[in-house]
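One chain, chain A, links the two complexes that follow: it is found with chain B in the first and with chain C in the second.
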Partner chain A sequence: MKLARIKAITRKEFIQIRRDPMSLAMAFLLPLILLFIYGYAVTFDVDRITTVVYDMDKSSLSRELINEFTQSGYFTVVSSINRYEDIDPYLDSNKAKVAIVIPHDFSKRVRTRRDTAIEIILDGANSNTANIAQGYIAAIAQRYSQRMSSGPVVPLIDSRSRVWYNTELKSRNFIIPGLIAVIMTVIIALLTSLTIAKEWDRGTMEQLISTPIKPVELVIGKLVPYFVIGFADTVFVILMSTELFGVPLRGSVSLLLILSSIFLFGGLSMGILISIVGRNQAAASQMAMLSSFLPAFLLSGFIFSISNMPGPLQIITYFVPARYFVTILKGIFLKGSSLKYLIWEAVLLTIYGTAVFLLAVKKFKKRID
Partner chain B sequence: MFERIKHIVIKEFIQLFRDKRSVFFLFVTPVIQLMLFGYVATFDVNSISTAFYDLDTSSESRELERQLTSSGYFAVRYRPSSPLEITDLIERGKALCAIQVNSGFSKDLKRGIPTQIQVIIDGTDSNTAMIAMGYVNTIIARYARENSVSPVTPVISTIDFRTRVWYNPDLRSRNYMVPGVVALIIMLTCLIVTSMSVVRERETGTMEQLMVTPIKPMELMLGKTIPSAVIGLFDMSFITFVGVFWFNVPIKGELYFLVLCTAIYLVPVLGIGLFISTISKTPQQAMMASFFFFQPAILLSGFVTPIENMPRIFQYITYANPLRYFLVILRGIFLKGAGIDVLWPQMATLFTIGVVVLVLSALRFTKRLR
Partner chain C sequence: MVNNEIAVQVSNLRRTFGAFVAVDGISLTVKKGEIFGFLGPNGAGKSTTIRMLCGLLMPTGGSGTVGEFDIIREPEAIKKIIGYMSQKFSLYDDLTVEENINFFGGIYNVPEEQRKKRKEWVLDMARITERRTSLTSVLASGFKQRLALGCAILHEPPIIFLDEPTSGVDPISRRSFWRLIREMADAGTTVFVTTHYMDEADYCDKLALIYRGKIIAEGTPTELRREHMKYDVLELETDKVVEAMETLSKHHIEAAIFGSTLHITVEKAEEDMEKLAALLRESGIELKRCEKIAPSLEDVFVTLIEAS
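Let's look at the complex of A and B:
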């Protein structure tokens, strides 16, 4: 292995990247766009749930109850209706997700201290929203009943819930650290998957083969420039997350950067391997897209938690490097975890990176056939 | 004219099936995606890994633990013996939820003295945390009600909030996700098939050959889009079949209506595919452009996260997204059994967007051919 040859390849790659400003722009533009959309538009926070009210009672007490709902901030009354049948069209056409029905003897029964029931209908089509809405309704019901029962009642068992790490339960804090893993996976796969396929397509591979360069030198030489870009990208995305979106970064920045580098090394080696196996650019880009985006998005625990998946799929997730990176990112960002807690992930990422790198070197044959 | 379109369509199908890679792409990727989304994309929260720190070790605290596990939402996997251990379990992400019952819990309960239970929840995953918190509070409240031998319970009217869930009473995420996958896969497949088929001709140089034949640009365009439309309809039937028979997703609406709506949805999708073909020179660019369009289109459609919770400006953007309307239609047909009387506004908008996009793309497409 000669350093001079690696340097020559690296310099050549840098020149080629400079000549193709489109790809370079994409390396920074795609993360920016994805961060913006995910950061602003993708939120699991449920509020302003559209609600219709069928108030048969129309008393001050029933109005107070409705107020309790709207003032919580979670429900927005879009309309009041006067017939039970009118609920159907609202829920059918998605104009409302919740309907509250207050019986005509509501206030009378409350005043005379008799039991009464309020009917609440939920649109369960979106199960997640419905689930969370149910939690809100239960809380409002408890608060209202307590207020109506004249004088404070201490609940017999007070469950004191405390939330750690993401105290306000903001979904942005949960999405963005994981998103960094998805973005980086896709970007580095797209960037590197074409580098060797390009040489074949353009016919410059023959020239490379006729030089004394060894496979390992070529792979390293191709890795270095993309590593530099990928690293700059990572720093850029981390800065955006903390500065623009206010995601807390509680752990050590240097640990984050070191572990990111290990992940980058594995991802870039994988891209080069795809490029070597794929041979032409179209095949390589398709393989890169399939092997990077879907697993990183679905099987990394980025949004959908791994413990809820069926057993066989959980086993597959162990082979998705993004899984470990997502754990690392969430740990360092939100929990401020130290290396002690992330050692397992770090070791596995290192093994993965080395294995893929060696495989890429082995698969690259200096032969025309 | 029909004769010429027919020949192009036949040629396209021959080309599609001759290439093993594209056959793989057409038939295997939808299956993988459907399986992944069907199994993975679930927000159902159950078997939450729980640490139960019991300082009381009484029959009462054991009963509470039993109620937590028998609900199915919590799986008590750890029994820490110190608060420090709780911290460690949560820090390592092994337990998502820790419940601490203080000593004296059973004594307080028997005497009717208010008592406390500490619940710690890992908020990293805000969605799961929110749902877990709801479950814990409900279970503890029920337990308190059942075990209140307390004389201090005041005589008041109880207001019973009876919640009923329509359309998806078991609140299964799968019922929500699988219909959405129909829209997703049709879009992905049609975008790539349409744009690739045009770009490939350009790249291999066979476009010139096509141009010297008497075929008119409009006919060529139809010949290129019809195969994609057929594939799109095939994908729809396939996913619906698997969704209903494998994933047990209900389909309450009419099947012919589903086919009609899919046909309407294909108009804008094919239009976008054609547009991508006019802006890309190589297959790789077509792939990239499809991905660039596809990503924001999924995110801004209400596929996973509801549109109402997005900031205003993003909500306005979603109005231009055909996926948004088709998702409402699909979920309406599958879960609500909705028909044309409810869904006509979505259908009309989808069709209008489709015609506009298709006409614009067709103009650009024919102009580039001349």
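Let's look at the complex of A and C:
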């Protein structure tokens, strides 16, 4: 292995990147756009759920119950209706997500201390919102009934949850660290996936493979400049997360950067492998998108919890490097985890990166056929 | 040792692409310091052959050596001793002249202390010293081609392979390019060059004509003229070249247009000259000139290709 050759490739790549503003724009604008979309637009917090109320009882007690709902801040009563059939149009037209039906005998039963049911109709089209609303409703109903009873007849177990790590349960705090993993996966795959395919398309590869250059020199030479850009990108995205979105970074910054570098190495090597296997730019960029974005988005535990996935799918997630990076990012950002708790992820990422790098070197053939 | 005199040798080299036979069992020998011209029309198998010699393409059959290395087993060793210039311009368009030279200087691992000297040599040889900071994409084709040659020989390889180096280049640049090649050969470099310009054949020491994957003739330019031109060539000059050709073809006489003249292959120049002139005069075509000429290599190749 000759350093001169690696240096020649690296220097050439840097010059080419500098003269191709599109690739630089992609490297820095794309993460910015993605962070904005996800950071601001996508939120899994549910509040001000639109609600219609059909209060058959029309008593002070039923009004009090409705008050409980509105004052929680999670529900907004858009309308009060007087016929059961009127619920349908509201739910159908999306004017309301929840309907609360209070029966005739509500106040009577409450006063005589008998069990009472209220009917809740949920728009299950958005199951996530419906689930969360259901939880709120149960909690509000329980609180109401406790208030109504003068004293607990049976000792109730009062569970008081304290939330650690993301105290306010802000979904943004939970999304953004994971999002960094998705963004970086996509960016680095796109950055490198074209680099070798482009040389085949332009015919410059034929010249290059007629020289004594070794595959390992070519791959390292191509990795270095993109690693530098990828690293700058990582720092940039982390800064945006903490400064712009106020996501707390509780752990060690240097640990975060070291583990990110390991992830970068694997991701960039994967991009190069794709470029080698894809041979032309169109095929390579499609392969890069498919193999990076989808798994990183769906199978990394970024949004969908891996432990809830069916068994076979869980096994697949072990081969998605973004999975480990998501754990690392969430751990260091929110929990301030030390290496002790992330060693497994670090080791697996290292193995992944090394394997992909070696495969890329092996797959690069200095032949036209 | 006889073997020391040989730079390239292949025997029965074959390459197929599916059912298509691109190179069909060719054998050739190139001596050190020789300009070996590999001639043939487009698609004859020239590039396929040159790629196999440079270790870029695996032969389907046959064997060969470049320098002292086997083309099947040691393609990477071959790449250390050759310079290759592919048919398509293959330097980096988005790099400047100087950056391209620096790049290949690094890739060929030219020793640090020689790199600057070699760079100046290339700039000087290609006559692009004053354009060293221009982007390669804006250079005229003649400059590009000389720069590509310079980059391919930065490391002073003993054997160079040039695949159609002059295609798409203007005639003046072509001539100066061949002068460069001659200088290198005189300095001891072996040059293996392909071309489909038959008029460039005379620049070569040795020629092989490839047609449909097979070598149909081989030898020095003089040998080829002598051995394969058993007929005489007449050159006719007239104002009505096309009409003359049509008239002759009615009488089943093959003629080829060369500029404003016609070349006709005949059995015996002295006897046929009169007959032809009479024939043409009947159709109202006057000849300005009619004489026996030394056949050009192009005449030889046209005859050879028609015969095969």
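Annotations
Definition applied: the second predicted complex is superposed on the first by the 342 of 369 C-alpha atoms of A that agree within 3 Å, B and C clash if a C-alpha of one lies under 4 Å from a C-alpha of the other, contacts with A are read in each partner's own complex, and residues count from 1 in each chain.
We adopt the following convention: contacts are C-beta pairs under 8 Å (C-beta built on N, C-alpha and C of every residue); 3 or more make two chains touch, one makes a residue touch a chain.
Just so we're clear, the structure is a prediction, and the values are computed from it rather than from any experiment.
In this superposed model built on chain A, chain B and chain C occupy separate space and fit side by side. Of the two partner chains placed by the overlay, neither chain B nor chain C lies in contact with A:104. Looking at the shared chain after the overlay, A:290 reaches chain B, while chain C stays out of its contact range. Of the two partner chains placed by superposition, only chain B is touched by A:174; chain C is not.
In the superposition on chain A, A:121 contacts chain B only, with no contact to chain C.
When both complexes are overlaid on chain A, the residue A:310 reaches chain B alone and has no touch with chain C. Touched residues of chain A, counted separately for chain B and chain C, are more numerous for B. Least inter-chain distance for chain B and chain C in the combined superposition, rounded to the nearest angstrom, is 18, based on C-alpha atoms.
In the superposition on chain A, no residue of chain A contacts both chain B and chain C. Taken together, the chain A residues at the contact with chain B in this complex read 26, 30, 33-34, 37-38, 40-50, 89, 91-94, 109-110, 112-132, 134-135, 137-139, 141-142, 144-145, 148-151, 153-167, 169-171, 173-174, 190, 194, 281-283, 285-286, 289-290, 293-294, 298-299, 303-305, 307-310, 313, 327, 330-331, 334-335, 337, 341. By the touch criterion stated above, chain B contacts chain A in their complex at residues 21, 25, 29, 32-33, 36-37, 39-47, 49, 90-93, 109, 112, 114-131, 133-134, 136-138, 140-141, 143-144, 147-148, 150, 152, 154-173, 175-176, 282-284, 287-288, 291-292, 295-296, 299-300, 304-306, 308-311, 314, 328, 331-332, 335-336, 338, 342. Here chain A touches chain C in the complex through residues 2, 4-5, 7-9, 11-12, 15-16, 19-20, 202-213, 366-369, going by the rule given at the top. On the side of chain C, the complex with chain A involves touching residues 51, 54-58, 75-76, 79-80, 82, 84-86, 88-95, 99, 102-109, 148, 151-152.
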